[in-house]
Structure formats: C-alpha cells, structure tokens
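Got a structure here, written out as structure tokens. Questions coming.
Letters are used for the chains, namely A, B, C and D, taken in the order the chains are written, and counting of residues starts over at 1 for each.
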Amino acid sequence: MSTDYTSAEMMTVTAARALENGMTCFVGIGLPSEAANLARLTHAPDVVLIYESGTLQTMPEVLPLSIGDGELCESALTTVSVPEMFRYWLQGGHVSVGFLGTAQIDRFANLNTTLIGDYAAPKVRLPGGGGAPEIATCAGEVFVTLKHSKRTFVKDVDFVTTLGFGRDGKGRDGVPNIGKGPTRVITDLCMMRPDPDTKELTVTSLHPGVTKEDVIEATGWEIRFTDALETTPEPYARELEVLRELKERTARHHAGEAPGERS
Amino acid sequence: MSTDYTSAEMMTVTAARALENGMTCFVGIGLPSEAANLARLTHAPDVVLIYESGTLQTMPEVLPLSIGDGELCESALTTVSVPEMFRYWLQGGHVSVGFLGTAQIDRFANLNTTLIGDYAAPKVRLPGGGGAPEIATCAGEVFVTLKHSKRTFVKDVDFVTTLGFGRDGKGRDGVPNIGKGPTRVITDLCMMRPDPDTKELTVTSLHPGVTKEDVIEATGWEIRFTDALETTPEPYARELEVLRELKERTARHHAGEAPGERS
Amino acid sequence: MAEFLSLHDAVARYVDDGATVCMEGFTHLIPFAAGHEVIRQGKRELTLIRMTPDLIYDQLIGAGCVKKLIFSWGGNPGVGSLHRLRDAVEKGWPHKIEILEHSHAAMACAYEAGAAGLPLAVLRGYVGSDLPKVNDQIKFIDCPFTGEPLAAVPSVRPDVSIVHAQKADRQGNVLVEGIIGVQKEAVLAAKSSIVTVEEVVDDLGVEPNACVIPGWAISAIAVAEQGAYPSYAHGYYPRNNRFYKEWDTIARDRDAFSTWLDENVYNAGGAQQ
Amino acid sequence: MAEFLSLHDAVARYVDDGATVCMEGFTHLIPFAAGHEVIRQGKRELTLIRMTPDLIYDQLIGAGCVKKLIFSWGGNPGVGSLHRLRDAVEKGWPHKIEILEHSHAAMACAYEAGAAGLPLAVLRGYVGSDLPKVNDQIKFIDCPFTGEPLAAVPSVRPDVSIVHAQKADRQGNVLVEGIIGVQKEAVLAAKSSIVTVEEVVDDLGVEPNACVIPGWAISAIAVAEQGAYPSYAHGYYPRNNRFYKEWDTIARDRDAFSTWLDENVYNAGGAQQ
C-alpha cells in the first residue's frame, strides 16, 4: 500500500466516489457523512445531502458530530420536521441513495445495529435502528461503509435491524415499492457488491496493496471474489487534500466549541 | 320587533353571544365568520378563531370574502398547511366549537350542502361538504347559524352531508371520539337546541317580536317549543355599533380592492 | 432538477390529454395563468383534482377540457355557485362530467398521503355522512390496536400538479409563503410538476423553516407575473374580490361565458387573462 | 391557555410518578434543564418516550427514574454508547428497565398520528426487519385499495410532553426554530405539556409560516435560560460537543456518574446543571 494515504482515507475516498453528481443522498452520521461531504467538495458539487434531522440540501463547512448539529441547519436550503422528513422526503421517494454505516453486516448485506447476543439478555446493547430500516427500503439504492473485520463482517447478523437481502438473499423479491437495496459496500480493504443472482456480497475490487488473503482473514464467512477482480483506483492528491482540510477544519471547530461550565 | 335593529343583526348578535371568551372556534365563512368576529370584537376578545385555510388565531380587521383572504393570514398568529389544519388542529382535538352555516338543516340538525334532489340527477347542485363533515364530528360542539325558512328547515334533508344527530337522532350514540354535535341553531327568528332525549331541534328562545306562529310558518316540520320558552335578549347598542362598523369597513375594503383589468 | 420553461412549453410538455391534473392553491396562489394556458392548448378529457375548484376549474369545465372532477367544495367562495360546474353537472353543458366528492379533511389527508408515497390516507372522518354512499373510494378500516373504525381514502397521485408560488431562485428552489394550502403536497405527490412564479431571484432570503420546495423535486418552473390573478399572491398583489363577484354574472350565462373566454383566454395569446 | 410557572412548579404539577413522559428535541433544543428538575424531584417509574434518548435520558435512567423506555436510537450521537442505558439493559443497574424499540420513521409517524388525534400511524416500514419480532406493538395491515401490506404502530399519546424552545411571547405562544424535530407533535399529542424557553419577549417577530405553537395548546411555560445546554439552541448558543465526548467517560463508570449527578444536578438547586 502506498504510504501517501491511510486505509481509512482510501475507504472514504472510494465511498465518496460512489456518489454521483445530482444524486439525492440520505446521509448517515460518521463515515457516510464524511464520504458524502467529500463527494460534494470534489467531483459532485450538486449532490444533494439530506440528514434525518430534517435538514434538506445541506452544505456544512465542517463535519457534524451529531446528526442534528447547528451547522447542518444553518447551511441547509430549508429544514423540515422529522415526521415530514421521513414521510415526504424518504418514503415519498425523493432519495436516490441512502448512505449507511453499521455495527455488523452479513453476507446478504443485512445490517445489525441493535445488539450482540440474545435480545432478552444482550451481551452488547447497540444504539438501535434509527433511520436505517426505512432508509434501506425506501431509498433507490443503499451504500454501506464500515471498517473491515471479522467482528463486523459476520456470516449471519445476530439481529436484522435493517434489511439487506434477507437471511436467504430473497428478502426483496416480490416486495412492492422497495428500493434495490445495498448495491455497494465499501471498506478499508475493498469494495463489495451483491452477486446479481444470489445477492451474496462479493468482492469486486481490492484497494491498492490489499491481498485476497487480507480480506478473507477479515471476513466472517467464506468470502467470494468476482472473476474480473479489479484494483480500486488510488485517491487523487486533490481528494486527499480536500479530505484532510475538511477533517482539520472539523477538529478545530469541535475543539473550539466548548464554552466550558456554565455559571 | 324593535326598529332599532334588523332581524339579520339580531341573528348575528345572538350567534356571537353563543361564543364564550377563551373558546377555540373553527369558523365557517359567511354568517358564522361575521358572528365569530363580532364576538371577538365585543365580549370575547380572547376567543381564538381558526379558518380552514390554515390561519390559526386570526384577527381580521375586515370580514374575509373567502375562507382564504390575505387578511386572515396577515392577522394570524401563524399559518399552517391545510393537511396540518385538519389533522393536528381539528382532528387533534384543539377545537372547542365549530361554527357552521348550511343550505338545508333537518329536525335532527343534519346539514345538507351537497344537493337538492337526487344525487345522480340533482335539481340544484350545491358546493359540497368542504370542511363541515369533520368539523361537525371532531369539534367539541357545533353551532349552526342560517336564515329561517321552509326551504332551509326541512323535515329530512335530501342528503346528509354533515352529521347532526342522524336520521333517527341516534347518530352519535356509541360512536367513539365524537363531539357533542350541534348544541345551538341560531336563526333570524329564534334559537333552537336539541331535545336532551330525542335530539330533535326545539325552540328554546324567540327573538323579540317573533311569535311561535312565525317560526311554525317558516319550519318544514312540526316544530316544538320548550315549556320554558324564553325571549332572546336584545342586542346592546355597543354590539350593533361594532357590527355595523365591521360591515362598513368590510364593504369599503372589498369595494376598493379591485385593481381593474390587468394590462 | 427543475427546468426553466415558458408556460406554453411547460404545459405542452407535461399536460397530456386524458391526464390526471391537480392545480392547487387554497384561495391563495391559484394558478390561473397556467389554467388559461391549458384551455388555450385545448387539452381534453382531463381528470381534475382540487379541494376547492374555484373559478379556474369553472373556466376549464366550461371550456370543455374536463372529463371528471374530484373535489371537496365546489363554490365561488363567499359569492355562491360555480355556474359552469353546475351547468355541466345539472344539464350536461358543454358535456356531462363525472364527479367524485370528498370532504376537505379527507382530501387534505389524501394529498398528505400522496406526498408521503402511501397508497391510502387514514382519518377519523365521514362519520354519519352520506358521502360514502355516493363515493365508492371511501372505505372504513378497523384500527388494529383499538378497534376503532376509521375512514380510508386513496391517496392523491396525479400525473401532473400545477401550483403558483411567489418566487424561485436560479437553481429552481421555490418559496411558497402565506396560506400554503396543499401546494407542497400536490407537487410532491405528482409524477411531474409545474410551478409558476411571480419572479426569479438570486436568493430566496428565507428563515430556516420556510416552506421551500427544492428544485430537484420540481419538473418545470415558468415565470408568470400575476399568474395567480384574480386570486392573490401574498406580498405581491391582493385578491380581486370584485372580479369574483362579477364572475357570478359572467358564468351564469353560456354566451356571456363564451364571450369572456374568447376575449380573456383564447384571444389573449400568452398574456395572462 | 399556557400558564407561566417556575420550572420546579411545572414539573411538580405535571410530571407524576408512573407517568408516560416525552422529552423531545432532535439533537437540538433538548430539554436538559427540565430533565434535571425531574431527577431532582425524584420522580419514579416513568415511561419515557423519545426518538433519540441522548444524554438526558441516560441521566434519568442512571438516576433511577425510569421503568420503561420507548425509543428508536439510543446512542451518544457521534460518540458511541449511552452507558447508563446499557448498564440498565445489560446489567440491571440501578434497576432493570423495560425497553420497546422502533425505527425513526415509525416513531416520527407515531408522533404525527398522536398530534393528529389518531390511534395509529400507517407507514411503509419494517420490511424485512427483525424489530416486529421483538416489539408486539408493530402490526401490519393491508391497504383496502391496493392490497399492499403496510406497517401500523400505535400513536404516541403521552401524559406529558416537555420540550425546550427559543422564546415565548407574553400570551404564551412559542417559537421553535431550526431543527424542529418532533417537538410540535410531542406537545400536541400529549394530555399536558411543559415548554421551557430561553426568554419571554413582547413579540415573536416571525414570518407567516414559522413553527409557532399557540399558548392555548400548551399547559405551562417555564423560563429556563440555557435550558437545552449542553445541546444547543439555534440563535442562542452552540452545542457543547466537548461535553458530549466527556460524557462517555463520566457515564462509563457508576461512581463517576453518581458523583457527576450529585455535583451537577442534586446539589445544583434550581440552577441548571
């Protein structure tokens, strides 16, 4: 791997490139938000970013820490109520892509953000579904981005918080008014796409310097690779520059933001 | 009848007095609007007037010609969408009284604003239901005001656009989440209220100078009178003065409002 | 992304014969200029949806554009009847039209449900009314939690919605202000949409929660100055209440109406009324 | 008509032990001052509803006020877990709490339905999710027009809702501006409501379609300057993101949490945090 950029940067740049100019993207907080804003600041200036807090077409200068930072509202075209956001804008069919993170993902791209272990007596209680269950079904398609590890890439998720393609890959078959589901999963090692027939997640491109063995080692099932396996294009210098500036701006902003204890 | 005021003024003043200070009133256009604004400008300064156009707590200087005149919005606390008006404010239970006019009313206070004759081949096609069907069931209670005549007061309406107490007086019995229905009908001759048991409209008070025979003559069924029949109190000079000023202001406003043909 | 078109081209492209069309605006911001363009282009067999048909639909019905009307209150607000509507319903002139009528609450909910991408709207409505007897699109469902019967109506999902608004910015984002009615819902519920505006500005200059429809949710924007006249545009011009009263006389008589239509619509070229 | 009360008196009057309580504010305008007052007054056995529990519910849970939590996303936004929530769910400290969880879309619709006076909300939701298996309040109905199966959830109808807003006028009308979340819905859906505000002004000075909650739809208003801190109030003060990060450390440890609570809530009198 080149020493010019980190694997985290490679992941973000690749995720950003998945967004096309003119798409309307419902953005999850964290990695998806970083990637979506990088896209907006580089090749996709007209990408429309929507956050579930009600902020429509927002253009934050710095990355929000939460899904409802003031920055999102101040730089938005307009801000609607949360019921309107989910009813008119998401369920109403105005979102072309939902961009999600997750705690666990399985071979059929089902997402678990609910818990590890048993529901009645969880080993680890995670935050829960949030917007994801309906983003994943109402958006035209879904991109997922997360770090690659055996802990996160599991054969079967403990709990299907959010539908990928179901426990058998057929979870969207015959369902009316449903989006295409996860079409890309972008990690720090590779890009995966669902197999056109089985919907099993399959590696379509390895990031520069990453080997098949690296991916096999970090995946909780016998991961497949497409025959036409590609190498993910490296980041351009401009992308890295914009990303680093964005993160620096963000760090400065959040550090300088604590007014201290109130009197 | 005193010559100091007209029967129309008597009707409006009586209708206005039915509104108590602090009530939240969903106002129909025409006579109800005139009465509701008179109430607001006299004994009930804190009555809250809501029009179905979305104008919440409006305080028009002049009477609106339509239900959505600019005056209503400009003098309102805020203006919401029409879906919100009907969902949150009416159905949500924030309206204590709905104030309606009608084309026809029957002995059980059912209202017809749909048509005269047969639905498939109407003799007279009227405007239709508008807001009335749900105002009549979702508001805490309903006041109705209209001019008294055999044409308007019929034994059975041709079409129940809006529920009073149903064809048999039992139309609200056992219905969950429904208001009390029409508690007062105010005409240019008298005030009527539903009989506590049968719900048949019964005259409880005659306007000054009006006889029982006048009312019998103008009603399309064998109208009953309460034993304790009262005489409606006459208008105060102050009420007439405010009403006349309001109507003059309104006439001046609407006459001066035509910008003529556009070039 | 909204395309800026002339009103002629927007109507020509998006309003097909036989289409289901919403022209909305609750008393305020009624898209008269667009309605007149639909008449001039001789569109036929339209299914028109609108809570309050108002003069604009009276004119479209009298001009013979309409096959079916879905509505909840069909009068001349504060004045009386829509005589062209009545003439069509009562006497079949210029031809018989089909009507389907609702209450305001149901139509408002149906627009909301259409914008929300749902097939139905649920409301506590039509209790004791005869309207469900004459409208087979009103059904009742039982709440699975409480057992309470509630009314259900199909959502509004028109082929095209046409609304008028105060202004658009150069990216096609539109501000609707004042009595906003069901305009936003009509636009979001439709397959295509035309928004006519008083003017195009560099910056909408709005508060954070203003009613702004993003350009990417609109098909076409056409500038139509005084495009809501003789209704009104908050901040631009008042309602011509006198014309609403005069319409009663014009519309009562078929010949007077036809003459008015010739003079003010057909022979008015692209100019408004 | 809204009554102006002290925060102490408003909470004492409207928040009963065992009540169902919504404290809303989607990241923005979270009613921390009111939540702390609930803790100080030692309310118990509360059923708390909130889309995003946030630090305020973490504190209420850790303080032992809560019997049941209804929510859709229970994390420290952008930071990680709510450790007091996890400790209660995973280890039963200070006691076991019951949880009922939804998706955001369902809860947003449930608030909307509550404000609309309906017993249920209908949405295209939960397709393929395991959530309906662990939440018996999620049902499915068939659309009577299209046959499409749709999710149904009970509407939110709390005993009392508590929200924070920028300002009230002297009649008790309240302006909420910026990220408005489900605050208006929460207030309208509740039997009683408390709104804390940064300040009381003579005139709200708003545009025609601003999000204003009329005083007659609110039970009590209490002035609580910086009442949303460490979340934020658009136009007044920013979010203290640093405190949100520091909370992760404080809340991980029972003792550190208890000390924090003593110093910043119990012994902070009526002053905020």
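The rule is short, and it goes like this: a residue touches a chain if its C-beta (ideal position, glycine included) is under 8 Å from a C-beta of that chain, and two chains touch if they have at least 3 such contacts.
Treat the numbers as computed from the prediction; the structure is a model and nothing was measured.
Removal of chain D from consideration leaves all other chains as one piece through touching. Note on connectivity: the fewest steps through touching chains from chain A to chain B is 2. Remark: among chain pairs B-D and B-C, B-C carries the greater number of C-beta contacts. Separating the CA-averaged centres of chain A and chain C is a span of 40 Å. Between chain B and chain C the centroid-to-centroid distance comes to 27 Å (mean Cα coordinates, whole Å).
Residue positions of chain D touching 2 or more other chains: 112, 117-118, 123-124, 148, 178, 180, 184-185, 206, 208-211, 234.
Counting partners per residue, chain A has 73-74, 79-80, 87, 91, 138, 177 as the residues that reach two or more other chains.
Taken pair by pair, the chains that touch are A-C, A-D, B-C, B-D, C-D. Partner chain C is touched in their complex by these residues of chain D: 117-120, 122-124, 137, 139, 141, 143-146, 148, 150, 152, 154, 177-178, 180, 206-211, 234.
For chain C in complex with chain B, the residues that touch the partner chain are 26-28, 51-52, 71-75, 77-79, 81-82, 85-86, 89-90, 101-106, 108-109, 111-112, 123-131, 134, 148, 178-182, 184-185, 211, 226, 229, 232, 234, 237-244, 272-273. Within the complex formed with chain B, the residues of chain D that make contact are 1, 112, 115-118, 173, 184-185, 188-189, 206, 208-212, 214, 216-217. By the touch criterion given at the top, residues 29-30, 52-55, 64-70, 72-74, 79-83, 85-87, 90-91, 110, 114, 119, 122-134, 137-138, 159-163, 166, 171-172, 175-178, 254-255, 257-259, 262 of chain A touch chain D in their complex.
Against chain D, the residues of chain B that register as touching in their complex are 22, 24, 46, 48, 56-57, 73-74, 76-80, 87-88, 91-94, 138, 177.
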